[in-house]
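I have placed the structure first, in the form of structure tokens, so that the comments after it can refer back to it.
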Amino acid sequence: MSKKQVDFESVLKHIYIELNKEVDRGQVASYIPELENVNPKHFGIHLRPIDDSSIGIGDFCTPFSIQSICKVLSLAHALQLLGADLWKRVGVDPTHEPFNFLSLTEKGNGIPNNPFINAGALVICDMLYSQLENPEKDFLDFVRNLSNDNSIDYDKKVYESEKTNGHRNHATASLLKSLNNLHNDVEQVLDFYYLQCSLRMSCEQLSKSFYFLMNGGKNIVGKEFLSPSQTKRLNAIMLTCGFYNDVGGFAFNVGLPAKSGVGGGIIAIHPKKYCIATWSPGLNQKGNSLLGIKALEMFTTETELSIF
Amino acid sequence: MSKKQVDFESVLKHIYIELNKEVDRGQVASYIPELENVNPKHFGIHLRPIDDSSIGIGDFCTPFSIQSICKVLSLAHALQLLGADLWKRVGVDPTHEPFNFLSLTEKGNGIPNNPFINAGALVICDMLYSQLENPEKDFLDFVRNLSNDNSIDYDKKVYESEKTNGHRNHATASLLKSLNNLHNDVEQVLDFYYLQCSLRMSCEQLSKSFYFLMNGGKNIVGKEFLSPSQTKRLNAIMLTCGFYNDVGGFAFNVGLPAKSGVGGGIIAIHPKKYCIATWSPGLNQKGNSLLGIKALEMFTTETELSIF
Amino acid sequence: MSKKQVDFESVLKHIYIELNKEVDRGQVASYIPELENVNPKHFGIHLRPIDDSSIGIGDFCTPFSIQSICKVLSLAHALQLLGADLWKRVGVDPTHEPFNFLSLTEKGNGIPNNPFINAGALVICDMLYSQLENPEKDFLDFVRNLSNDNSIDYDKKVYESEKTNGHRNHATASLLKSLNNLHNDVEQVLDFYYLQCSLRMSCEQLSKSFYFLMNGGKNIVGKEFLSPSQTKRLNAIMLTCGFYNDVGGFAFNVGLPAKSGVGGGIIAIHPKKYCIATWSPGLNQKGNSLLGIKALEMFTTETELSIF
Amino acid sequence: MSKKQVDFESVLKHIYIELNKEVDRGQVASYIPELENVNPKHFGIHLRPIDDSSIGIGDFCTPFSIQSICKVLSLAHALQLLGADLWKRVGVDPTHEPFNFLSLTEKGNGIPNNPFINAGALVICDMLYSQLENPEKDFLDFVRNLSNDNSIDYDKKVYESEKTNGHRNHATASLLKSLNNLHNDVEQVLDFYYLQCSLRMSCEQLSKSFYFLMNGGKNIVGKEFLSPSQTKRLNAIMLTCGFYNDVGGFAFNVGLPAKSGVGGGIIAIHPKKYCIATWSPGLNQKGNSLLGIKALEMFTTETELSIF
């Protein structure tokens, strides 16, 4: 199938119809009301091949809280600003632990395993906080430029809720501070982190924002954000670290670099071929969108278009 | 560079000349005399693109002990014989630990994280031992058929040496047995395991044997050994588990599914494009060939042909 | 020797003279200036047999920061107020880890191993904070009553310094909060904890305060604070948990229930026989007073009066 | 109560009658038929005060398999032969893990935490095996001399059964061997270990054998086996390491140095006062005799005669 022209539209339609029949859609995240109250019936997919032909199905235009997916954007911006120096303060190793574990040892050097566990994302936030004159505005500008879409914005209600629920993240940030790998004030870094996590996008906006990762670092209007080598490395980290303690299973079943968020979104990349965003708010036991993973597994199986 | 025709030959020549200047070639494995006595100056590369045009440089025709690289062949044969049932007894998750750690907890279910740590490879051996009428002969036949090369053979001296040095592996196998995930006798499974690890191949033979993994499951003469879906999954496991505690770094720097052995060999796959074998006996601190990794990193950087 | 009358005074004098010759006195705690600036030459011992005959030598009247030794007093007060209910929120198991490790797992139930690691002490503080009308005053009153000494007080400079250096403790408290084992506000519990740790006592005051633990729960003027059974249990926890990751070694070498603090103090108890306090500010690598441990080891060896 | 003369006989009778009413007696060890087939109704206690007045109740004369209790005798003999040199190859630190865990890390130095986890006991066996001319006979002679009882013997059926069930111990011994902390052949050390574990004694014989630990090293007929200082240290290790992952709870509830075996026996020591042996084959979830622990807790509570 991979050699002939794949009819993406009928594959997506088939997947959408099949999965929409599913009764078990997992559990919607419940730790803040803004996520808990989302209708679990939402389901959307948006595929953006390298030629920028665009195919959406279901709720692909409805914005949702992208949550941890923002960690990729945050890392991309830090790479832009700091280059390889960034890797002095965060590693590129997969972990076995859930995303919200501290994953730091008190006698260690305070360098988180990778930028996609919370500890690593907080270090990246700390770097950006030091680099940006106006972190809140500047980061939003970066995302809008990257996606070529000025309608993307933070969700201040989500942000406020996250702040009041953040004891675990506070523990992680305090431990990083005690290990000298957080340069700014704990509260300020956490604030900025919650702000980033509160970004809202639809599947269509997500695939637009992440276009640069299948296009060697250039965004949807051809502006270069990262070099091809940086892009390759960022994709590699997504594959080995993007799904926390389900990295092995996701690579095995889907076979694409990808990142998920507890809002139910997933973005996946086939370098030089396509990127695809899915949204279904129900999560599996490891905190990843149940229908989203199924949709992506069906997609790479039916099209034979995985990176493996 | 990836869009125009890459001149593989000049890229390989350049890499070979550059790396042959290196004084630090790491440490040759020293736990058995057969490995310790190998000349650390050996260095060979063999590239086999999908069109089976073939380019070798340096010591690409000299056979060496492939050691853990055999774990991929063993897994492929088990998949052929048992299909997805195999995954009931071994996982697909990366570990943080070195290859020769037990990586099993006494209160666990005895299911090793993946088939490439020693514990997982022993379980695969145990499965094959149960399936094959004459394990020693049958497995060699499988490898010879796969590679279309009847000159491939075990190295009985290496096999004998491994046996007398195997306390760590004996511990792993005994623990698996106590956790009911080893069905045959501990000594017999270890024997079969050491035999597999003793296989000798040159870079040219390695790239021939692993051709099926870039070719959707069909070997160099078009015979199908695995389905495209099985091939995709095996490649995914190599990427997430093939380099033990250096998985993240190897994906980040090289960006190819690959497997290494303490004999100094590495085989790497770019599905549907090429496979490439390197050999240099000196190892880095994580037990992988120092020059081999450098060669592969230079190769994917210069050709821009990684999976990411 | 244990059968005839031991001449405590000459034993103590001998120990004091011998150890005062020691050049290596370990490292004074340096994380806050109030501890860092203490003269490392200080050395005092105070022995208080059950008959309340009292023998002091060296700097036994100089007050110092008792630090973690306060955890025993805090636990005693909580036991007084809450009884065995207390053990629903904290365990009695030794740990292998240094005192300032979090020693909590994110997927655990939030119940610290024992009340002498920081996590456990914070839970005890949280209980007291809920029970006491005026925590600061009430706890000081408890300590003064217990020791029958109204001159004992907090050191507000130490308290202020601890507060600005407490990222690790903040991490521990935040993690406890996220695991629902901290009922009050994180900042308030930490404040109360630092206040307790700032208590100042001399060796003579320490042996007075801890008299109740060798006397079946009754203090130096015969007032009952704990029952004999509670006293037995508290002594048992000191033995199995009082020296963090040096519990085994301290029991092996000294053989007494005891508790140390980073201020260089140690209090040790021989139930029904004597209690003994030592002070020398230099610490060994595990954070316990170097000379103090040596003095106690010499004392129980020369008198043959350990609990074993 | 502790000050007046305690009427041991009526205390023991009371405890025996109360506990014999218990319906839940835990689970008899089932990994070998010789233990599985023991009648769970057995219950015996034998108390031996320092004056060698002797009080037995219930099945205190019936011999049973002492299992891990032998580790104390083995350690005592090794201390006799090697003195403090012994501690170069085994530590004195409590562990959190069950007795049959490996409790060794592959990158560690191969020094088990303490001599009472299986790994440590195997190292002690290895030492004895090197020291003794005829290990089987010499060790039995040592035990018979110590207890002044030539009727004590191995149970060869238990020994044979252990051997066929020892994959976990084989794993531990192999790992020790790979870490260079086992000098003799793995199989031979395991054999000697299983032999020691197969020793049979009654409660009355146990309290006789362990008399030396409450008597400063001298056995029941006044022969010195260890020095007072060695005896103190051995008792300390029993308290901090004798109950595996229940050390804290046992010290908290009972408050005596003690050692248990999966055969349902427990020996406990109050230095200079008494030793007491209990036997009830049913085990709690941590593998210690359910009724035995209850009996000892009642005994130290009612007599107020614990070491704390």
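Each chain carries a letter (A, B, C and D) given by its place in the written order, and its residues are counted from 1.
Here is the rule we go by: a contact is a pair of C-beta atoms (placed from the backbone, for glycine too) under 8 Å apart; a residue touches a chain by one contact, two chains touch by 3 or more.
A quick map from chain label to UniProt name: A, B, C, D = Glutaminase.
Computed from a predicted structure; not experimentally measured.
Shared contacts of subunit C and subunit D, meaning chains that touch the two of them, come down to nothing at all. Each chain gets a centre from the mean of its Cα atoms; the one farthest from the centre of subunit D is A.
With each centre defined as the average position of its C-alpha atoms, the distance from subunit B to subunit C rounds to 56 Å.
Computed from the mean C-alpha positions, the centre of subunit B lies at a distance of 48 Å from the centre of subunit D. Each chain gets a centre from the mean of its Cα atoms; for subunit A and subunit B, those two points are 32 Å apart.
The set of subunit A residues touching two or more other chains is empty. Chain pairs that touch one another: A-B, A-C, B-D, C-D. Considering their complex, residues 2, 91-96, 113-114, 228-229, 231-233, 235-237, 239-241, 245, 247-249, 251-253, 255, 257, 271-272, 300-301, 304, 306-308 of subunit A touch subunit B. Every residue of subunit A that touches subunit C in the complex is listed here, in rising order: 97-98, 100-102, 106-107, 167-168, 170-172, 174-175, 177-178, 186.
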